[in-house]
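Both of the next two complexes hold chain A, though its partner changes from chain B to chain C.
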Partner chain A sequence: MPEETHSPWEYAPAPESRAIANLQPSYRMFVDGEFVDGAGEPLKSVNPATEETLAEVSSAAASDVDNAVRAARKAFDRTWGKMPGSERAKYLFRIARLIQERGRELAVLETLDNGKPIKESRDADIPTAAAHFFHHAGWADKLSYAGYGPDPRPVGVAGQVIPWNFPLLMLAWKIAPALACGNTVVLKPAETTPLTALVFAEICQQAGLPPGVVNILPGAGDVGAELVGHAGVDKVAFTGSTEVGKQIQRTLAGSGKKLTLELGGKAANVVFDDAPLDQAVEGIVNGIFFNQGHVCCAGSRLLVQESVAEELLDKLRSRIATLRVGDPLDKNTDVGAVNSAEQLERITALSATGDAEGASRWTSPCPLPEKGFFFSPTVFSDVQQSMRIAREEIFGPVLSVLTFRTPDEAVAKANNTPYGLSAGIWTEKGSRILWAAQKMRAGVVWANTFNRFDPTAPFGGYQESGFGREGGRAGLEAYLDV
Partner chain B sequence: MSDRLAVAKTYKLYVGGKFPRSESGRSYPVRDAKGGFLANAAQASRKDVRDAVSAARKAFGGWSGATAYNRGQVLFRVAEVMEGRRDQFAAELRAAEGLSQKAAESAVDAAVDRVVWYAGWTDKIASVLGAANPVAGPYFSFSVPEPTGVVGVLAPQSSSLLGLVSVVAPVIAAGNTCVVVASCERPLPAITLAEVLATSDVPGGVVNLLTGHAEELGPWLASHADVNALDPVGAPGELRGELERAAAETVKRVLPVRGEPDWNRQPDIQRLRAFTEVKTVWHPVGT
Partner chain C sequence: MANPPPTTPSVTSSPGLPAELAEATKDDSTLRRFLHGLPGVDQVGLEQRAAGLATRSIKKAAKLWAIDTAIGMVDLTTLEGADTEGKVRALCAKGRNPDPDRPGAPRVAAICVYPDLAAVAVEALRGSGVGVASVATAFPSGRSSRQVKLADVELAVSAGATEVDMVIDRGAFLSGRYGQVFDEIQAVKAACGDAHLKVILETGELATYDNVRRASWLALLAGGDFIKTSTGKVSPAATLPVTHLMLQAVRDWRDHTGELRGVKPAGGIRNTKDAIRYLVAVHEVAGPEWLTPELFRFGASSLLNDLLMQRRTQLDGHYSGPDYVAVD
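Here is the complex of A and B:
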């Protein structure tokens, strides 16, 4: 289909100004209310779309973890832990407002640091992060209504480790409920995406948050391991790979500490023959290409009823061919940059197993920029359940397509995975939506939509996708001593 | 005239609704609180654990799919049948735990009442732990608790009946199925409970009761890939770390245990929460 490379839908580039990001040459870590130099080897944060170094970021060493945990403990004991919920609430409302006020700056900075399209950071990541603080602010003085007893207590100091795919949003998911419940936190952002977390630290200062309540320690996996295993931490929350999650669970075994894990996924997106196909195509695209497919709940296994498979795949390929891959700061860009060279290599290698195991690869004919880390949207058909591309999380813009004949077979195939984070259902029949949703062993089930998030809706996995929920009333449990 | 010789009973395991001997052919002596011989109990092996897990998995679909009303009735029926065996349980508790007749009867009463309490929870878990989520957008988003799956339970060692029902009842009330390792030194009330379960409409495989050593069987349960969650309350303290490490291989849910609770205290819903998953469904709204 060569004509699709010359689509009539050409737009002039519409880049967002990077000046809005207010990018600094260097960023420092945040401990006890101050920006300080870390004792670790400084990190260089790279723009994955251009491979240029954005800034130097101080990184934590074991001594910094000690200091941060001590500061968090002090803040918990002296101020935050005993502050009335109604006062804590106002700090959280302030933070929410400040995120909104500085939303544009945060969005551009996030896109520079992460590589995600500006339209996603601007319209999804940052507003949802603010919404999480708004939602949890209201909980701070209403915890006795949450269903965990008349006066549930905070856990103490929370050690939190978050991934690079949604840097600020994951921070909000972790910090907002922790603070609402009266805990203090030490958070380690991902090695490759620390910048918005450090601007968030500035927001904490602007909000007048007492020192030590929030501490941000940039660093690599070793800092995370140090934090997770630190004796002064009462609760650990981790979002990331299943492999690291298992290590953390092993580390905490027998310690009696509270742990929540949000791990990988291999979500089934199930299209029944009566589905609104054009709408389904949009949802499938959103399910797997949103954020370059760097989404733990991405709909990476498309299960299509055999009778509509060919028609759907044709529609899908022509739609995907129109996706614009390129400059993340361009408002027209649909698919941005893969976050790091390492991740690009992983996606490339795992995709190669698809070819080797006999799946049929289709790659979008879109042009790719010459510099930066990019991967063309890719669809594998003729995929069997035993193939690695159907079993392992690829964490990139790669879709595997399988077919089924009956609803029961669809459910059996959807559940044939050790993961269980999310699932999608596409059908016009409401009763079938609810039937399939009941049968799916997954923490979130989207019907005729995909990748929707809301602070009021609990999110989290079954089986090896982790345990614990984030969001809503269920999400409070992780940060309460109940 | 001579005294009548009692008919001694051979105690077995309870797996998949049947009462098999241990595959290993092993048994071990059970003694009363004063050290006197009571009986031999079957000593379950790794293979028995695997058989029990597969029985529990097989029963999961039916039990988790049963209506909450039905599960509540079945649990209440368990309480009814336990009540009918009150004297037998009391005698076993006197022997096993060295309790006075009065204390034994009160423990049995508490155990029966505990089952009734959980029977009443089956159709309330969803409304207490679930939610309608007021999301921004044209969706009806709701969250419902669902059973986690097959739960491995290491029952309390000292409280052989009240402790046992306090850990088994919440697991099955929430719709899970389970493999339970009974108190090692005091297994007889558990075996009698198995007979109660077998005759009280609980489908075979929903509860599988093994007698034997928690130290030996616990690690197999904790590392079994088809077990979704673990209640290690009856494991020796020094073993808990090892069990939790084994559980991490498949990201199992492990109930946090801080020593053995006071089983006489009225429980809260922590055990119901621990063995349920919250599933959030987004359903479109439109004309």
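Here is the complex of A and C:
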């Protein structure tokens, strides 16, 4: 196979200016239309690519949660919940346009705070976030045609907790449908990535959104627990780890509150022997190395038919060797920084179990920056279904490769997981796509592509990947009293 | 299934090939099975990859290196009915010394002309190191008898052309007569003698990416030294996705046989920005060893001047405009 490639010329660094992010030394939480100091211990938001502290962020305490929920309730009762859908739509459209207008600023800020490559925050995260607001703005005055009865009512106050992998996009997935349906929200962004959510709060002000409709409370898990357990919350939406999802479900059991959970995944990306191999390679790369593999629906388990396994793996390794890992603000960068030191440790530890259990590790020869939290793109082959790296979500740029002989075996192995968020099928045969897609127990099944997101397509899981759907018509149900 | 091909298989296998590839060229039906057994091409995925790679940033020293590399890969071309000896001589002068004010500018790889003008080019380029490429085989349509096509090749080769650009019979290819196409390429290759053979697939007429992949392999199996996208007479001519696909084909060929074969996109590549996008594809799809005129060429007439202008911009620190380079 091709030896390590050595570039005869270096791509010139093309860093986006960090000045565009308008980074402030400190950020405050957003309650009842105002930026206020939180009663919690302030958080420090760190740039994972350089380990420097970006800003100090005030954090919420129990009293703040209480205030925010009360503000949301007041806004629901007095303004937002009674407002005609056509009026709510105007606010949502305004927010969507403001996200577009401030797109570069948001993209750079997201990249600084999260560590993801600028080309992803600029070309995927921010445009898709705007698209979610546009899409749901369209629904706001058409809810009676959504199939949930002639006059579906909002639920009330939604408590929402989101993860650090797509900070602004996950916010959009949660807030856009909630507002479109007439709910008010209290949202807790992840501890390590609160900045774009607080700029979003500014956008809410800019859009003239009535006070209390959107409240943003930065904080750690304890604030999240306080929020989801708060008596004044009518609906809880959570995206994050399965473990926390289970705790939330226990907390809410018997309370009558609505709950949706979008949790972990260990998606199978299945390559049949008649697949378009070169594009499958691209899809595998996109499936597991997009956003450093910090994607709950990442294609982290590659299932390849034995007859093409060797050829595909050769192609895959030479392709991965060309991935450029480094400064996330550089537009040439394909893989950025892991979001935190803790996550890097977890990826390192789980990968070590792969070695210990006898899988063969291959690591991309690409150079890594000296500072920051980086992990080289890694492929484990000779992985067996019983190994931890085939069963547990690694949430990093680590691919586990398994093989199969027959289509039935592929489906059996693909479904042999406690999760079920997504799956991929690669074959040139249309009938096989339909056959396999019907048998896969996963919320979304991609054929000859991977990691495509659209606000019109419902997204959600099976089994330990959670329940409820976000996006599309189905996603409205979570925020309507039906 | 398509109907069996009407021609009698007369394919002879090439001697140096690995067993499974030699087996594939045994007769018309094994050839068909082999070509149709190649992995399919997903259009959406291929085009996405090509678009994604086009955003790499090449600047300053790297850009100058890329520009010089691209100049050295140009097959400076004139293929008009109105071509004259004077036009060809002017082009040859330009090719051997593209920017007399900046003596460091590399010469181009070759001058590409019709066979009846090959002798003029050979004479004008003597001692320059610039090759003479000649399109032959009833270029650009390829619609003539085998005899006429081979005579065309002999005309070019006997005039001293160092490279022959042949067109495949797209009619035969599209009607599934792969053996006939294979045969013809082999016959032309034999008629080329020492001259290098570039096989023009005319990808715009092959219509699907699957066909482009099959035609690429067919040309490689039959012994083509280069696979070339287009005659420049059909739209679309060279595109980035098609070139990606052909680069994958030569990379896969290298993995199967250890041999390095070349790729030449032709037609429609007019500016430095585009040329650099192609070089990025060469670098990342096939590999850095393809970044040489031995293995990658641009078939172009107007690209050279833009490269020269951008080269001056890099060297002088400012842009001077089209009147500072010769229009030949």
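Annotations
The rule we apply is simple: the second predicted complex is superposed on the first by the 475 of 482 C-alpha atoms of A that agree within 3 Å, B and C clash if a C-alpha of one lies under 4 Å from a C-alpha of the other, contacts with A are read in each partner's own complex, and residues count from 1 in each chain.
By definition in this document, a residue touches a chain if its C-beta (ideal position, glycine included) is under 8 Å from a C-beta of that chain, and two chains touch if they have at least 3 such contacts.
Just so we're clear, the structure is a prediction, and the values are computed from it rather than from any experiment.
Which of chain B and chain C touches more residues of chain A is settled by the count: it is B. By the touch criterion defined above, A:Ile433 lies against chain B but remains apart from chain C after alignment on the C-alpha atoms of chain A. After overlaying the two complexes on the shared chain, residue contacts for A:Asn291 are found with neither chain B nor chain C. Once chain A of one complex is fitted onto chain A of the other, the partner contacts of A:Thr449 extend to both chain B and chain C. Of the two partner chains placed around the shared chain by superposition, chain B is the only one that A:Arg469 touches, whereas chain C remains out of contact.
Look at A:Ser59: by the touch rule set out above, it reaches neither chain B nor chain C.
By the touch criterion defined above, A:Ser121 lies against neither chain B nor chain C after alignment on the C-alpha atoms of chain A. When the two complexes are laid over each other on chain A, chain A has residues 448-449 in contact with both chain B and chain C. Residues of chain B that touch chain A in their complex: 128-129, 131, 133-137, 139, 141, 143, 148, 228, 240-245, 247-251, 253, 256, 258, 268, 270, 273, 277-284. Residues 1-2, 5-14, 119, 274-279, 282-283, 314, 318, 322, 331-332, 428, 448-449 of chain A touch chain C in their complex. By the touch rule above, chain C contacts chain A in their complex via residues 39-42, 44-46, 48-49, 55-63, 65-66, 245, 248, 251, 255, 283-284, 287-288, 291.
Listing the residues of chain A that touch chain B in their complex gives 131, 147, 149, 242, 245-247, 249-250, 252-256, 258, 261, 263, 418, 430, 433-434, 437, 440, 442-449, 452, 454, 456-460, 462-467, 469, 472-474, 477, 482.
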